[in-house]
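Common to both upcoming complexes is subunit A, partnered first by subunit B, then by subunit C.
What follows is the complex of A and B.
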């Protein structure tokens, strides 16, 4: 849409050139900021990675004990403790994020199709403010409802005494669990995906779905096979955005999923979803007070560095997916 | 299957409700799987409505139960006895200050970036890089932005923005530093909706302005920006909603004090240099997750927070409904 220089009435206009340079510099500052972010966070985090090597990402020992040891390091810099095996945190992050995104993808595809095709007029009018409301509720409010309503409910009524006994020697189950974390997180990220998917389904040319309908398939099939498929780039964009949001959710998860660096064990059967877990982002919030202790701060920044890289990677993956699909499907807006 | 094709859509369909696929009752085959699919779609839609209603009603119920004027009007006090620990006047003020500060920083920068991206965008590789840069900022978790901000603002260069301890250790936590990072989470929203607004202005409007002898920058200032006021307003309001609701940045960058603690000296500057709290951290600290176990106060503050957010949402609607110049294409 931008008009090129050939239209410019006064080629020698200095103010205009200065304005272009100034605005361009302002825009480039964003890139500079990202560069700074990488350099600052990684240089601060480096000692933690350097002391542990690849074992940093591996399992071994109790994360909370390791954090306490790092926090209580001797004051002499040469005696700093850095030992950290962050696997339980990484695993908890992947588990909670992945489960919430999967659940939310299913719900939001279905509800987007509902809004576009099946909802009665009155309900469709209600749906839009509903989605916007769910998207706007601050995470701390979700966390508050989670910790004061859902956690006690799960702890008192859903988890049976036998289940509590079965893992008594490993971990205490009080309701703060993977389950509550995933459920609340799903509610938080679903509105983003519904909004984007609904827009995309609406922008699928009518003739495409009509063509399918003319071939005799029903509305559900037409929408699912033609509509959803044509909207794929937008759906990928939606999933990426939702994953980024889920990955970075710190406050709500630190409130409801239990502040224990524990790796829930799938071998425990169904009890597994009632076990607590703490994601990377929640770990940063929970340990923010110790940032001034040098080795401890460096370890926390290492968590942040992992998050930063993951979110970069997500942005890039979303971009690449959209590029590759742009050729033969609708463009994501 | 059906030889009589279904009724074609009217040439100009009524704008609010885009036409749907026509029903062919009895003519299509609905397998059991399809029926289950439709049933699930209904279930998902109803689930979202029920959730939203449950959240609002529950918070309303708790809000009416626990909110009182005295809570809104008294300063928080450090006391374990909940009858003496005061209300949340300071967190409300903190939320207002931080929102205004964050938006004041983000709005001009965001509009500037959007203008450059949509009107200049040369060289194009730089424009593409900036575009994805904004996307990356939008995707960065606010907790990471927060501790990055702490790292930056603890450098002695930025000592003038926060408290400084003896020995020149910079505290790095103040309304200024939190506001700067808040600006980053509002920025992508402002850039996005301003760009969209500029995009929707047809190019002949620009050409008409050039034909009158205006150069590019005065066209932007006098024609394009006034015409995209609505988009800018939407972006700013959305950004405000984001800032009001963010907790992570406040927890890390605004200090742990419940009261607003300005630095002594100049009134406004000292306040912005000082520490404080917002409604979000007040809720967090008074919930069982924080140190103070005062769920009643947390509910009351969360209710106020929710009211502010819903009000901002409503404001977005009002702005979107305002009359815009309609261009003939």
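What follows is the complex of A and C.
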């Protein structure tokens, strides 16, 4: 920035100076905002955590009943109900996010490799803007397609009557399920990952892959062993970004994954994927109506606090993963 | 040269930005603005009424209508963010003090099933058995054409409709914990309409694509709700902080005391007069 000033013995350019101050102020404002947000959310959420201790994160009872009891708390602040065991929501969040990210990582790696190395020029020219467009589709649109098409289809044609009957005193299988949630979420986050991975693969120096080709390796292997390896930090960044979007996805999941605070049981066999589950973000959206009831609002803020913390851990994990890959990779991001 | 041009551009942009807000209050300051937020059940009614009211009083006020749910309305009006909070639920002990619930209309709450499964009727014990989870198969429900599992569609705890349903139909019985909780009347209607084994409850205005189940032998329609024969009727409110005053009082009074307003309410809801 001060290159001009030091070499030409001219005073620092005034425009630069002003820009420096303005941008610096803006950047610190963002930091401040994040700081305020954390303090605000945690101060709001504190009573919920304080009343339950570590049991907040554990299983026990029915989450929806607990939410209803909190909502119907008596007016006297000393009689507020706070009992909350949020395990089914935490588990649903991890399950749906994890499954969707795994699925979409596999799909997006393969399609990015195809676009960069194998796709004919004409196809590439069409696919790239289409993928970017897909990444920008609002989630509520996916939610609508999910609830109008996928959920009824799964409910009426995929789930058999016998499967419905087998668990009918525990949970109802009406089509809104882990399966539909994961599928739609995968479709939602894959375009972002494809876009980032494609850019990263393309920025791998041509000479690196050409070097591999010179050793007699075919295109597929060169891409896999050199290109993909070199692009790993960017891939980690893509996974982190996609996971963050999946974690925070609320509207769509509230519409398609079944609005029941239920922990799907893997021991139920194939029925497992048809069971409903509600993530933390979807729970916040579904219950935003009750924010005015004080203990209820504090419980919803507690959900928000957990989401906030998990996104910090996510960023940190991404950073740590990239640190371990610094050797032999592009310093892309 | 370039710099000066840019500066001129910025200045003129600033001038435009400054001019716009300056122009707005000049026209708006003349008449009062009534802002409303809250219940998604009341919102369509409030919109119809507001349109007519503007005609009648010759645009004497400005209206702003937002939605969000009964509890949002109550919270907003308590905090002074809006003039009126719309609510489809009764006052609760935990509501902030000083609020006045002005009743503006009644609304029928209908039990609905899929069109492929036109249940001929149900009584309170039947509703409690179905929604309580003790009856889980349609074969156990008299008059059902379905044989599979019953899919229950209810509302989230914070919903005014849920509150009314529990009070009117369920008594002390708890709703089955596996029931799917939806966020709005429309979502419940959509879910029941696309699931042959589904049953749920919605406001009368949301029953076009589903079969309405007669309750205690009385069909859920406007006529029976008005005559008082239908049992599942609840109250709709416009909530104010303290008793309404000025333009707000005039507006609420117009809704509750004039023929013109009753006529609009009577299209899909139950008027008070």
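As a convention for this text, the second predicted complex is superposed on the first by the 307 of 333 C-alpha atoms of A that agree within 3 Å, B and C clash if a C-alpha of one lies under 4 Å from a C-alpha of the other, contacts with A are read in each partner's own complex, and residues count from 1 in each chain.
The rule is short, and it goes like this: a residue touches a chain if its C-beta (ideal position, glycine included) is under 8 Å from a C-beta of that chain, and two chains touch if they have at least 3 such contacts.
This one's a predicted model, so the numbers in the text were calculated from it and none came from an experiment.
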Between subunit B and subunit C, positioned on subunit A by superposition, is the outcome a clash or a fit? clash
Pick one for A:137: touches subunit B only (first), subunit C only (second), both, or neither. first
Contacts of A:165 with subunit B and subunit C, given as first, second, both or neither: second
Quick check for you: in the superposed arrangement, does A:39 touch first (subunit B), second (subunit C), both or neither? neither
I'd like to know which partner A:148 touches here: subunit B for first, subunit C for second, both or neither. both
In the overlaid three-chain picture, which partner chain does A:285 touch, first (subunit B) or second (subunit C), both, or neither? both
For A:118, decide between first (touching subunit B), second (touching subunit C), both and neither. first
More subunit A residues touched by subunit B or by subunit C? B
Is A:213 touching anything from subunit B or subunit C once the two structures are fitted on A? First, second, both or neither. first
With both complexes superposed on chain A, which partner does A:254 reach: first (subunit B), second (subunit C), both or neither? both
Is A:68 touching anything from subunit B or subunit C once the two structures are fitted on A? First, second, both or neither. second
For subunit C, which of the listed stretches 73-81, 109-117, 145-153 or 163-171 runs into subunit B? 73-81
On subunit A, which stretch or stretches are contacted by subunit B in one complex as well as by subunit C in the other? 147-148, 254-255, 259, 285, 288-289, 291
Which stretch or stretches of subunit C touch subunit A in the complex? 68-72, 74-75, 78, 92-96, 133, 136-137, 147-153, 156-159, 174, 176-183, 187, 190-191, 194-198
Would you mind writing out the residues of subunit B in touch with subunit A in their complex? 1-2, 5-6, 9, 17-24, 27-30, 34, 37-38, 40-45, 47-49, 51-52, 55-56, 58-59, 109, 112-113, 115-122, 126-127, 129-130, 132-137, 139-144, 147-148, 150-152, 184, 198-199, 201, 203, 206-207, 210-211, 213-217, 220, 241, 244-248, 251-252, 256, 280, 283-284, 287-289, 295, 298-299, 302, 305-306, 309-310, 312-313
Subunit A contacts subunit B in the complex at 1-3, 7-10, 13, 15-16, 19-20, 23-24, 26-31, 33-34, 36-37, 40-41, 44, 107-108, 110-111, 113-119, 121, 123-124, 126-127, 129-134, 136-141, 143-145, 147-149, 187, 190-191, 194, 202, 206, 209-210, 213-224, 240-241, 244, 247-251, 254-255, 259, 281, 284-285, 288-289, 291, 300-301, 304, 307-308, 311-312, 314-315, 319
Hey, which residues of subunit A end up touching subunit C in the complex? 62, 64-65, 67-68, 71-75, 147-148, 151-152, 155-156, 161, 164-165, 168-176, 254-255, 258-260, 262, 276, 285-294, 296
